[in-house]
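First comes the structure, then the notes that go with it.
Think of it as A, B, C, D, E and F in the order they're written, each chain with its own count starting at 1.
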Amino acid sequence: MFKTVIPFGPQHPVLPEPIHLKLTVEDERITEAIPSLGFVHRGLERLADLRDFHQMIQVVERVCGICSMIHAVCYCQGIEELMAVEVPPRAKFLRVIWSELHRIHSHLLWLGLFADSFGFESLFMQFWRIREKIMDINEATTGNRVIISVNVVGGVRRDLSHAQIKWVLSELQMIEQDIKRLENTMLSDYTIKKRTVGKGLLTAPQASELGAVGPTLRGSGVAQDIRQTGYAAYGELDFEPVVETDGDCYARCKVRFRETLASIDLILQAIANLPAGETRQKVKGRPEGETVTRVEQPRGELLYYIKANGNKNLERLRIRTPTFANIPALLTMLPGMWLSDVPVIVLSIDPCISCTER
Amino acid sequence: MILTTVYVLTGFVIGPLLGGLISGLDRILTARLQSRIGPPILQPFYDAAKLLGKEKTVVNVWQAFCAFGYLAATSMAVVLFFLRSDLLLILFIQAVGAVFLVVGALASTSPFSQVGAHRELLQILSYEPLLVLVVVGIYLETGSFKIGSVLTHPEPLLLKLPFLFVVLGYALTIKLRKSPFDLSTSHHAHQELVKGLLTDYSGPYLALTEIGHWYEIMLLLGLCALFWATHWVGMTILIVVTYFMEVLIDNVSARMNWRWMLGYVWAMGLTLSLVNLIWLYTA
Amino acid sequence: MMTNTLTSTLVLLPFLAAGCCYVLRSNRVRSLVVLVTGFLLIISAVGLIPLTPFTLSAGNLLGVRVHDLVMVADFLLLFLILYFGFKHRSLVVKILSLLQILLVAYLEFFLIKEVPATGTIYCDSLALIMVLIVSVVGSIICFQAIPYMRNHEAHLRLDKSRQHRFFLVMILFLGAMNGLVLSNDLLFFYFFFEVTTLCSFLLIAHDHTATAIQNAVRALWMNSLGGAAFIVGLTGLYYQSGHLDLQLIIINASPGARVFLLSLALLCLAAFTKSAQFPFQSWLLGAMVAPTPVSALLHSSTMVKVGVYLVLRLAPAIHGTFLSQCVAIFGAFTFLAAAALAVGQSNGKKVLAYSTISNLGLIFACAGLNTPQSVTAGILLIVFHAFIKALLFLCVGTIEQHIASRDIEDMRGVYATMPLTALITVMGVIMMIMPPFGVLLSKWMAMEAAARSFYLILIITLGSALTVMYWARWAGTLMSDPFAGRFKPERQPLLTWGALGALSAGAAVLSLAAPWIYTRMIAPAMSGTYLLPYRASGGILENAAGVFAVLPLSVVAAVGFILSIWAVKRAAGARIVAPYLSGIQVTEPGMFKGPMNRLVKAEAKNYYLSSIFGEHKLTAWVNLGAGVLLILMLGGTL
Amino acid sequence: MLKNLIQKSRIKSPWLLHYDCSSCNGCDIEVLACLTPVYDIERFGIINVGNPKHADILLVTGTVNQRNKKVLVNLFDQMPHPKAVIAIGSCALSGGIFREAYNVVGGVDKVIPVDVYVPGCPAKPEAIIDGVVLGLEKLKTASLPARL
Amino acid sequence: MQGDIIAVGPETLVREAAQAKVDGYRLVTLSCVELDAETVDILYHFDKDLTLKHLRLTVPKGTPVPSISAVHWAAFLAENEIQDLFGLHFTGLAVDYEGTLYLEDEVRRTPFCRYSIRQSDKNTPAPDARQEMGEN
Amino acid sequence: MFKMTPNVLRNLISKKATRRYPRQVRPPYESVRGELRNDSTQCNLCGACALKCPSQCITVDKTAGTWTCDPFACVYCGVCVDTCPAQSLTQKREYRPPAVERQTIFMQGEPRKKTKTPEAVESG
């Protein structure tokens, strides 16, 4: 019989990143959603053949600009493991601080885009306005707003001065206030609840079975966060994964909102406990062997598989990013929902296509 | 005769100018509510002029026809308003404009236009009855559908038709394409349907729909103005407050979906109208 | 004398011509007969205009009293229906026709003492309007049927043409309709009423498919129910007043008397069945299987109007009664419900059918509202609806023969292949929903008239909004195509163009002439019973409450139209770009490159909100509601 | 008069279409950041329309790859004249750090003509604003349609 | 490398994967590495409560690999990716993109095989875009 | 409903967040990694930067004495600056302005020998 087929993306204003969903809908209810990828695929894992393992840091940072820092942390961690390099403690804490700054800016960015996905423009503006403060911190402390390039094998390239730390603390305080001011809107406004509660349901067993990660998984009630493994300096900080149990868009939104505040707390802790000393360990030699290393990105678990054979170029670099893991979950959430829910649900996994396709 | 000509000309010329200015103000106010500076007040005119100077591209020549049809109908409605004609008739003519816009969107095979057009129809379905009921309320109070007799009514209608004014507010929100009702298209396409209804209108034809929209703004604000027709101060305050509320609501609510709209607007709108109408019957 | 000749031409000529059609089995001759009859009917009907109002008494025909002739015919007819009841094994038809036979016999042989010598035929403006519609629109449809049936039979690959039967019934029906609207003696009225039932049955069954026959039988029993209600009503009326003279009954109405009211209520019930109001709508929907000219003639522009005609006639008699209010609410309810159901349909003919039911409902509402304005609105609606709906049916028929489907979605982009027909269809749609055209003028009157009754206005406004919805969608769908080439009218038989052209031009001109129709034809029909609702001057209809500037608006609309056409011509030079498809469109029109590098067609074709407006969702509720209203109406008279 | 008005309006009302080819999001979010209160490019009448048919300026971020090059051309074609293309970030300028990867075609100018190049990785919001301003020059000088 | 590595063969793969699911493991992803011109390694990473476990399947390039997407539906993406990049063939894929997940016809040459390019891929003419005319 | 109202009303009356670029230009932070500069007086054309650059956008031709950088491929990571043994590379605090044409940064030095005044040329 007759049907409605909508090419959703790759160019679509609600998706800043190109992904295509072939949506089949009836009236406005989704009956089928089939994705098409490859609009962002560059093949950068293969660049390992052309760039040495140091240069690859800059490449993996550009897997994605949003949590570039954390990619670099993960990569360096892997190489450091292969080369048995001990990273100075101060560098570990600094990695945490910048990682959490990235998480905050990523979550604020997401909260804004999420607001935009249900057409709440002024809320979008608010979150992005707050986010600019984080960008300023990034720029002031590392030299770039977005891709900060501070990681090197063996530590970090930049340090935080006293003055900077003081300034960051005061900024964070303001940021926290600003975010809390929006809590009432984001977490209890009638129209927002109407658009998010019960949308894109994912139960806990479903979530694990589909391999969901990050806030998507935690929104369904599974308390799993790679930071619990205690990489970098996380082991020395007080931290609980944020969990919500409803498994809908609203729950995922609450997880990210609360994680933002938790990240601020982590930064405060890290700054309070920041050890003195070197930030960078000199490294010599070349990596050899294979390893799997994981970190928690704003969007969830990131996994690097690195295989090296003692050359300056790596044998194989495999990056499994969180969105890649969340796409199967997304596909099962869509059917049965309404067309107007599509942006909300798609955004609810915080899709990052550039890292998915690399 | 001369007076008539003057009315026609004012409606025809002043209408869109004022409408454009108002939407300029709207954008500035919106920006300010978002802690931004916003565009210059003449921005809508720049937009329209630019669009007029763009290359003509169409998906289907009927888009051009429909864009003109929309403009013609909306301007006609405003002119009739200035001629103090029959309110019901004016609503009908305004609806003609809306229908042309929809038909033009349906003329494109893009699912975005198509779904947008269908949603616009659902919006029409939501607000048309409300507008008619508002006009019926006015009739019951003044004894006539003619604007002339509303203007000579001795006391402000708002006092007798407060609920219907709220109902008019619903219709206004939908017509002005403000959240939570910007379902078929919105000012900037940040939604699942891209620009929905207007996706495939472009260049000069988009400009026409833009100008038509200014006429509509004028018409609707004119309707609001009728609720305090006894004194211009009251009228101005009423319009300013109403419009401010519209922009505010736009900025403090998410966009909903059409099922909610249909249910909510009909339930609220019809109940409020009924209450007000029954009050008028019994009073 | 003149009136005599014209009237008998209008009523009797079709019976004769029908016979010719049946006997003379040459296509040429048949076409000629149809054409000549049609033109004669049109001429006679127009000829009646200056002669109204008049009364005629049926004397003798060939030495027999016409009254007796009709009586005999009546029995024949009822037995024929009974026969069909047996043939198609329909218990209901059997029972109902037997009941009618008994009642007619009772009435004729036991009750009626003397046959009135005068007032068998009465023609006032209202009747005249109906005669004009039947003769003009009906003839035009019959003309178009000539090429249509030729194609139709070619499509079906019949070895033996059945057109002689088809035209027999069609032409006969015209005579019956004329007879019906001109009858003042209710027994005559009843006879013609039953003839139309039979014609409808035969025509629905014409294609002889299983569905066709099934639907025809359904139509038969429902209409027989109406017939039975009618005859019971007549018996009651005769009890009450001792005669069956319609005019006298109206003038000497005794709304206080229960029997009288109940009888009128039964007549209204008969009217509802004939006009396929809820819960009797299913026969009209089923009737859509018939060849499209049948739908155009019987099931939209003429036969179903019998019901509203009857109630509009009776309106003064029930003025101010509860019955009148019931009719109003019932009509408004149907208007709304049918509009809602039409929204959920993608079958073009079904949309037209629901729309017909809906408009008839509005006319009932107008009649029930029973104010001068509303009655004016009702009468105007009959006129405009007849023209435009006939036009739309013919358009759908023409399109259908090209694309072999009646589905609106299959008509998508039909502009590319049949530009002129598509344009005329869109014009038809525009005339249904846009000012300054007649339908909207009538709706405006209806709304202003209903404004004082808040439940009616509520229902009517909701219904109108739904109406706009399904029409606008249809119009847009017809135009929906990336086509932008030169306008080149397609080839169609002359008679088809003639019919489409005449109907659309007719509707447009009549809209323009609405004020004149009002003063010349409606005002006289109203005077006496109602106060005159409007002043008409300079093409503007106005009263204290409102104003509708028909002529000036038409001028403006015409100018706007010309400007827009000019815009289209200029846009023909514009660059044609593909519709927006998120940037992955390919050169094949409407396709995009989807997952797995496959080409996929982008479409939006099932947006009919069936979860809200689908038949499966609404019909049961609507029927229930209508049933309750009907019981209320009948019970309320007691 | 009219001509002047239109030319003035063109630089007063540039509507953007942003297309992310295969950007790493770095440049994307900087483009988005321009819309937000801190940079508020609506001050210049700029809005992000998200629809090629309404756009005057095409902002492209990221490298062109084999799959999205067709999309890019499609979008460019659907924009009505006059139009300008602004490439943002080193990826869009040349392919950037990825230019040797197997699925990368290179900079935007490999498939559609580019009017302004905004370097950076990512380009800063201020730089993007500067780039748009530079792009306006082209819109201003573009000829008017023969008949309005 | 964190976690145990269990070697599996094509016959035991699906069973082991299913067992992992029964044991409450979540499929993290698949990693494919080209070992030499002839063989590839596929690693199936699983996670349970933050501990990893890996299945290692070593297969010659030409042989089809059984898909685990019937057990772990989410594996279809990674398996399709490997089909694209390494030219392997998975049998029984839940959703099979047939090598078009990322790559256009211009580059369908198993870009991640540096030691060898599968012969069949080298000169395959671009398959015609298959039409899917609204699945009547 | 309307939970957002206090926030937007606060925005209406308080100072706007907008930086009025380009009317007011904010001074850049100290450590910003902006446009790349090679101080021609310092560079000894050792080629370390070209070797380390992750984007491979620097070419040093020792025999011709040229140092070329493609600013459209540079990712402003600062690795070259960190590596340069002669400290001849610096990053300005300002970003590189947009251009309407392709550009390269080209520096002609004395082949092999250190000279006093090699000129840095930037050509379109």
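The rule is simple: a contact is a pair of C-beta atoms (placed from the backbone, for glycine too) under 8 Å apart; a residue touches a chain by one contact, two chains touch by 3 or more.
As the structure is a computational prediction, the values presented were derived from the model and not from experiment.
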| item | value |
| --- | --- |
| Target subunit E, source subunit A, minimum contact steps | 1 |
| Subunit B to subunit E, fewest steps along touching chains | 2 |
| Centroid comparison with subunit A (C-alpha atoms), farthest chain | C |
| Chain pair with more C-beta contacts, B-D versus B-C | B-C |
| Chain located farthest away, centre of subunit D as origin (C-alpha) | C |
| Gap in Å, rounded to a whole number, between the CA centres of subunit F and subunit B | 51 |
| Intercentroid distance (Cα basis), subunit F paired with subunit C, Å | 79 |
| Centroid distance [mean C-alpha coordinates] between subunit F and subunit D, Å | 22 |
| Distance from subunit F to subunit E - Cα centre to Cα centre, in angstrom | 42 |
| Of all residues in subunit D, the ones touching two or more other chains | 19, 37-38, 40, 43, 48-53, 67, 71, 75, 78, 80, 96-97, 100, 102-103, 121, 124 |
| Contacts with 2+ other chains: residues of subunit F | 1-4, 8, 16-18, 20, 54-56, 75-77 |
| Sites on subunit A at which at least two other chains make contact | 3-8, 10-14, 28, 34, 38, 41, 43, 46, 50, 58-59, 62, 120, 122-123, 125-126, 129, 132, 147, 185, 189, 191, 357 |
| Contacting chain pairs - touch in the sense defined above | A-B, A-C, A-D, A-E, A-F, B-C, B-D, B-F, C-D, C-E, D-E, D-F |
| Touch list for subunit D against partner subunit A, complex | 17-30, 32-33, 36-38, 48-52, 62-63, 65, 67-68, 71, 75, 96-98, 100-104, 121-122, 124 |
| In the complex, subunit A residues that touch subunit F | 50-51, 54-59, 62, 120, 122-123, 126, 129, 132, 136, 139-144, 147, 149, 157-158, 181-182, 184-185, 188-191 |
| Partner subunit D, residues of subunit C touching it in the complex | 570, 575, 577-578, 580, 583-585, 593 |
| Interfacial residue positions of subunit A with respect to subunit D in the complex | 10-14, 16-18, 38-44, 46-47, 50, 58-59, 62-66, 68, 109, 112, 124-125, 128-129, 131-132, 135, 145-147, 352, 354, 357 |
| Touching residues on subunit D, where the partner in the complex is subunit F | 37-40, 43, 86, 90, 93-97, 99-100, 107, 109, 115-121, 123-127, 129-131, 133-134 |
